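First subunit A sits with subunit B, and in the next complex the same chain sits with subunit C.
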Partner chain A sequence: MKILFVGGGMGGTIAANNVARRLSKEIRSGKVEITMLSATDQHWYQPGLLYVAFGKMALTDICRDQSSLLEPGIKFFVDPVEEFELKQNQVRTKAGVVHSYDMLVIATGCEAVYDEVPGLKESSETPYTRDGAVAMFKKLRDFEGGKVAVVVGVPHKCPIAPIEITFMLHEFFEKRGIRDKVQLQYTYPIARIHNIENIAKWAIPEFERMEVDYETFFNMKEVDVDNKIVHSEEGTEKEFDLLVTVPPHRGLQVIEDNNLGEAGWIPTDRYSLMMNDQDNVFALGDTTNLPISKTGSTAHFESEVIGENIASLYRTGTATREYDGKVYCFIEADRGRATNACFNYIDPPEIKAPTKSMHMLKMSYNQWYWSSARGLL
Partner chain B sequence: MNQIKESDSVNESNNLDNLVELSSAISSAQDAMTDDIVTRLAAAIGEGMILMDRLTRNEGLMSLMQALNEPAMQEMLERLGSALGTPADGQENQDAPRVGGYSGLIRMLKDPDVQSAIYQMAGLLKKVNNPSSTDKA
Partner chain C sequence: MPEEKIVDARDTFCPGPLMELISFMKRAEIGDQLELLSTDEGSANDVPEWISKVGHELVSNEKIDDVWHIKVRKAK
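So, the complex of A and B:
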């Protein structure tokens, strides 16, 4: 049996390792073959970029060689897929190599796009890219006061990020002793300050305590680069001296080019994680069109389901598990504290008061991620 | 009523004081921790977990561990340890043999203990090369 993983990010890596752990004997005996195709030989712990942007981690802390994270027996090639030929059960890579499969897992992820908002890229800082995170830290370090606006595009990775970035900005300026010189302004595109109601309810008093101004129904339209003003689709505007953005995201172009899904999001069954109308193609992580959080934890929990189901399909011909929509997010607050949000398709999150212990757990997880990637944690 | 009794019991046995003391110690340790300390500790724990995972899922290593646990193997390991720490009988104070080379080697091969050791070593190597072979060598 040939199992092919396209994409070596968080989801693809954890899922491939999960399958390899379960089918290790079959891999050694040659009955099962696992192959991974990726665009890069590096593996980045993307949530770590937020810490890079605030000077708490370095880029070298959040990167490892992809091959070092994979279970023995997984064949790994740096050769991104350009054509998906699902009817023939094969893909064609950039190098022109054809890989056939019996099971395909697509985990190509998503990427930030700026072209929908003119002026945004050249005038804003973001922790969503490697270069952006480093540049944001330099800007923050040199910032001496003024108006800081946080603007949010949709959809975007990590639903908690807008609030978390705002908390961390508050803490950063407070520690530098210039918080009283900074007017911190938070905006959000819908009618409340976060799309998850309980998080919005919890965050409002925190914002008020931190003296963060907030405005809802603020959908970025364009940025006046010269005058440093963000205009919204709703007709309002925000002046800024420092603009921090959570940029809008899209699935990868290769997904759209191959007609696998509009805007690069693959239509996926929310429980089986099978691509719609396919019986041997899974999609996971940011790649799916599921209306749930696009986070590493989503990819992680989905990977466990896919790992178990692929092994089960091989051994018994039947999938055994369903994804329940589980998501777990740490939320960094100020003063060395953090809390978390855990929810699924049925149960909304209940947000507890931030604690130091939870912050320590988050700092620890930043290191333990490499165990997660290997399918251990 | 039961809660009051339990509460009295806690007070009488100084458990409450102990709990407060423990809580205070934990809080103090927490205050002393910095992000850097937590990061270093977590990294060490994380790498340890990965190492343990790799070792315990290595079937060859586990098989070797099982073999090493056999009483006969332990006895042999003890002899090996002892031999490594002690020169061969009668050799303690002797200089290197004046006649080495092939003739010295041939003299050593005539020693029944050396012959037995070579026989066992050859048998072991044969099994490593072909696990289904028997001791017919």
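So, the complex of A and C:
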């Protein structure tokens, strides 16, 4: 049996390692072959970019060689897929190589896009890209005061990030001794300050304590670069001296080019994680069109389901697990504290008061991540 | 030719029904219609409020067997 993983991010890597361990004997005997195709030989711990943007981690802290994270027996090629030929059970790569498969896992992820909001790219700082995170730290370090606006595109990955960014901006400027010179303004696209009601309820008094102004129903329309004003679809505007954005995201162009999913999001069954109308193609993580959080945590828990099911399908012809929508997010607050949110399709998160121990756990996880990617945690 | 789509945002908390709707509206053509399915009670008020603020059209908004069916049309 040939199992092909397209994409070597968090989801693809955890899932491939999971399958490789479950079917290690079959791989050694040559009955099973696992191949991974990726666009890069590097593996980035994307949540670490938030810490890079605040000068708490370096880019070198959040990158490893992809091949070092993979189980022995996984064939790894840096050669991105350009054509998905699902009817023939094969893909064609940039180098022109054809890889056939019996089971395919698509984990190509998503990426920030700026073209939907004129003026945004040249006006804003962001922790969502590597260059952006480094540039954001330099801007924050040199900022002497004024209006700081946080603006959020839709859809975006890591839905908790807008809240965390705001806490971390407050703490950063407080430590620099210029918080009284900074007017911190938070905006959010929907009717409350976070899409999860319990997080919004928890965050409002925290924002009021930190003297963070907030405006809801604010969807970026365009940025007046010269006058430093963000205009919203709702007809309001925000002036800024420093603009921090969570940019809009899209699935990868190769997904759309191959007619696998509108805007690069693959239509996926929320329980089986099987691509709609396919019986041997899984999609996971940011790649799916599921109306759930696009986070590494989602990809992680989905990967475990897919790994178990691929092994089970190979051995018995039947999948054994369904994804229950589980997501676990750390939420960084200020004063060296953090809290967390754990939820699934049925149960909403209950948010507890932030603690220093939870922050320490998050900082530890930033180091443990590499074990997580290997599928050991 | 305007399209009609259904977005099933039942039993999800994050990013939530309205965020799903906003994503759809960004991609849609004028005249396209979306039926949003939501089990979030807040959607019944939040979605019409946003539709009104931005200037799209609320076609219908009804609760059937604990699920809100909210139909909207992109107007601009």
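Rule of thumb we're sticking to: the second predicted complex is superposed on the first by the 377 of 377 C-alpha atoms of A that agree within 3 Å, B and C clash if a C-alpha of one lies under 4 Å from a C-alpha of the other, contacts with A are read in each partner's own complex, and residues count from 1 in each chain.
The rule is simple: a contact is a pair of C-beta atoms (placed from the backbone, for glycine too) under 8 Å apart; a residue touches a chain by one contact, two chains touch by 3 or more.
These numbers come from a predicted model, not from an experiment.
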item	value
Superposition on subunit A - do subunit B and subunit C clash or fit	fit
Subunit B, subunit C and vertex subunit A (Cα centres) - angle in steps of 10°	150
Subunit B versus subunit C as contact partner of A:K56, first or second or both or neither	first
Which superposed partner A:S303 touches (first subunit B, second subunit C, both, neither)	neither
Touched subunit A residues, subunit B compared with subunit C	C
Subunit B versus subunit C as contact partner of A:L376, first or second or both or neither	first
Subunit B versus subunit C as contact partner of A:M360, first or second or both or neither	first
First (subunit B), second (subunit C), both or neither touched by A:W368	first
First, second, both or neither for A:T187, with subunit B first and subunit C second	neither
Nearest Cα pair across subunit B and subunit C, whole Å	30
Subunit A-facing residues of subunit B, complex	30, 33, 35, 38-39, 41-43, 45-46, 49-50, 53, 57
Residues of subunit A that touch subunit B when the two form their complex	21, 24, 56, 336, 356-357, 360, 363-368, 370-371, 374, 376-377
Touch list for subunit A against partner subunit C, complex	116, 154-155, 159, 189-192, 195-197, 217, 219, 233-235, 248, 262-263, 290-294, 325, 327, 343, 345-346, 348-349
Subunit A contact footprint on subunit C (complex, rising order)	7-9, 11-20, 22-23, 26-27, 42, 45-46, 49-50, 53-54
